[in-house]
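Chain IDs A, B and C follow the sequence of writing; residue 1 opens each chain.
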């Protein structure tokens, strides 16, 4: 019954937001409808992920969620790059700002809220400590890969910078696929969660239907996110917000709505392993796969987007990785660690807002 | 008998140093008398802390010691800020230098000497590993909170910098109080030291008297510290030392005399948990509570002291936190780890001395 | 029989490379002969180390290997410094580049290949976790000691920079000897490897002969390295490579051939503890002993080489230490961690190549 009502609400607001978007209604109406719709579709995605996770295990479920969540961001970024190549090079900066925002949003806000809300309900939540260590090393690789081009930037010609960007992007993509091979094949068992899965848990959907719903929900999230992103920009300009702040915070928060709701929901069911996989896994996927793929896509479109980030962006990514590493490393979390993550997010937010 | 002699010495030198200070004797006489007095009052504070720790547990005892020790520094800083607001803005730099010196002095010198001397007597000393992890994350928060304003400084107006300073200060104070709530209420047991307390240990004073002595000793330390700080400045100028070196090293070493003697004394009795709580706890309290409170005090006095530290200060705080994190993280210490901490302190000391 | 053939090949190519070097043959012939010779002498050194390690334990064997391996580098550096003092100050930069290259080559390439190839054969390899923690803290000390002079450099006179360099060098040498005392005397047992040594393992040589061979092999490696370094420079100029790239990558890779082959060979026999000791131990010895000793040698020769490294060098050393720390910290390794180390090495390599 409850579920039926949910699906009715989902249908109504999804259609309404779409109609408002394609018939170009006023930005305020579009914004409100999209916001409500995003809550419903994100909830739908969260339920579907949880159901898939029930069949596939927490880690694979979390990985699928992160991947489907990032698919939306990848599509949006490709559209921006197409425009950037066709005479609007400043959009490259917008793409990098949204990559930055997505990484720090996942590491600080998504992880922070999951750990905080999960920790208020359960005193200490644990997950695989070996996975935590490998996540930390991978995050460090991502920081190093973004840091080195920026450090050598001033001594290189634009052509050399593009070469360096492509080589680094290639190395990251290879590392990402080897990581999938490592974590899903050769060391699958070592990285599995030791938490006892409650076998008697109620599962609403069959395996096939869960996967179908996961795909459908992802597509819906991608669509609603794009509608919302469109209105947000108008909104931002109304309130005099900078492009950097909009790209790195507003768009990132909304674009990650799916990861948000799914991760928090799982953490509150004491499945912190899946929540961490979504939050950290998603930011790793952005840094090690989505960003490098975008470099190659821009190269094939005829104008390479280098991976030289601004100092502010590098600082934001660097401090996010260090605090997330420090907190996640021991494989156990509590509410106060969520507070620390959110505190760093707020400090970064106010700094970006004022710049 | 031995105790009686100690109290006689304490009384004599405390009074003598006070008389020399208020009757404006020559700086050399004042300096020598204050130095001897500081040894006695710090010893008194150490004994009182140990006695309170016997009743309240190592962590609470260490926390009380750190708090009373920092009360002195807070009072001195407020006096400096009052002067800074009334036409001597360069004193803001002196306040920040002494905050820096206090953080690195506690993390490197106090912790280093405790670990070294405790480690010479006991092969391996252990303390709560979960506390070590949380201390590390809190130190990192402090570094991030000081680092970000300095990074964005050049792109902000003075007004924006003050806003950022106040917001960051507010976030740190909230985090500090939530940390007290976390560590003293919700997760008290998880952070307690597992070391077996020797119940048959001789305790000189009753519970009430221990607390009274703790308060009295703190006041005496504050007074003697102030007298000594006054003479040290004259001394420093005689020997041609820079204000930065005086603020960050000389004043900090003397101002932390109480933490010093108490922490080392406890470490040599194999109570490394309490020593760590004093050393790391004290620097956390400075970074997360004292410094932010000073920002608000300056704001209410009419001229906000921003929290933009110099590059040299940030480097000093950053490297101190990283080496202290690296060493304390595993919850066990040995003499060589003390050597490493002191080595970094010496390197920083010579660099600040030469600048 | 197999061993006899090996010694015949070793003799032939060692003599041939020597003849080609001293009779000034063409660079291509010299290069090929030296390359083949280096493979033989490095293999010889590896076997000798393994044999000594059998008698002395993994850690001492690894330490001896690292020391003998670095002896060669120390000799080459002293020759360069002699020339630098006699009117070619730019050679000081070459010395620092080779120090940098040696540190990152050991931490990333030697360790990375050992971990990767050992990890392909054995799913998880473990070594002493307390040693891993101390190695991490020592690496951090090295980074701090190189970082601080560079940070304060612009505010110091050349004379003050030299003073700072000498003091820092002195502190590092003291820390290095105290580390030897700590790890070989006071805490020897805590740092020993818990791996069960296979007593039935075939040992080719007696204790005395093993030590003799270790010394002989080291001398041969030093000679062949020098011959090879000579030809490599000519080669590099033919292909238009920068001095920085040659110093930090080509010379370092060849100069560390001995550590390379020995470490990889041991890792593939599941003696990862010895491999780590060679790789990390060797880079620690370079940073904490070889580099400081070179500062003092230059001082006694009449012109102090300061320890101010370039930004590119500091970045390279810093990121190498952070990724190596992150990976080695937990005392266990697997093939993917080797991939990460090599990935960072490749990123640094391409960046240095392009500069």
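The working rule: contacts are C-beta pairs under 8 Å (C-beta built on N, C-alpha and C of every residue); 3 or more make two chains touch, one makes a residue touch a chain.
No experiment lies behind these values; they were computed from the predicted model shown.
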item	value
Rotation in the CA alignment of chain A with chain C, degrees, nearest 5	120
Same-residue or different-residue interface between chain A and chain B, half as cut-off	different
Chain A-chain B separation of Cα centroids, rounded to whole Å	41
Residue numbers of chain C (touch at least two other chains)	none
Chain B residues touching chain A - in the complex, by the definition given at the top	130, 133-134, 136-138, 140-141, 144-145, 147-149, 151-152, 155-156, 160, 163-164, 167-168, 171-172, 174-175, 178-179, 182, 186-187, 190, 325
Residues of chain C touching chain A in the complex	123-124, 311-312, 315, 319, 322-323, 326-327, 329-330, 334-337, 339-340, 343-344, 346-348, 350-351, 354-355
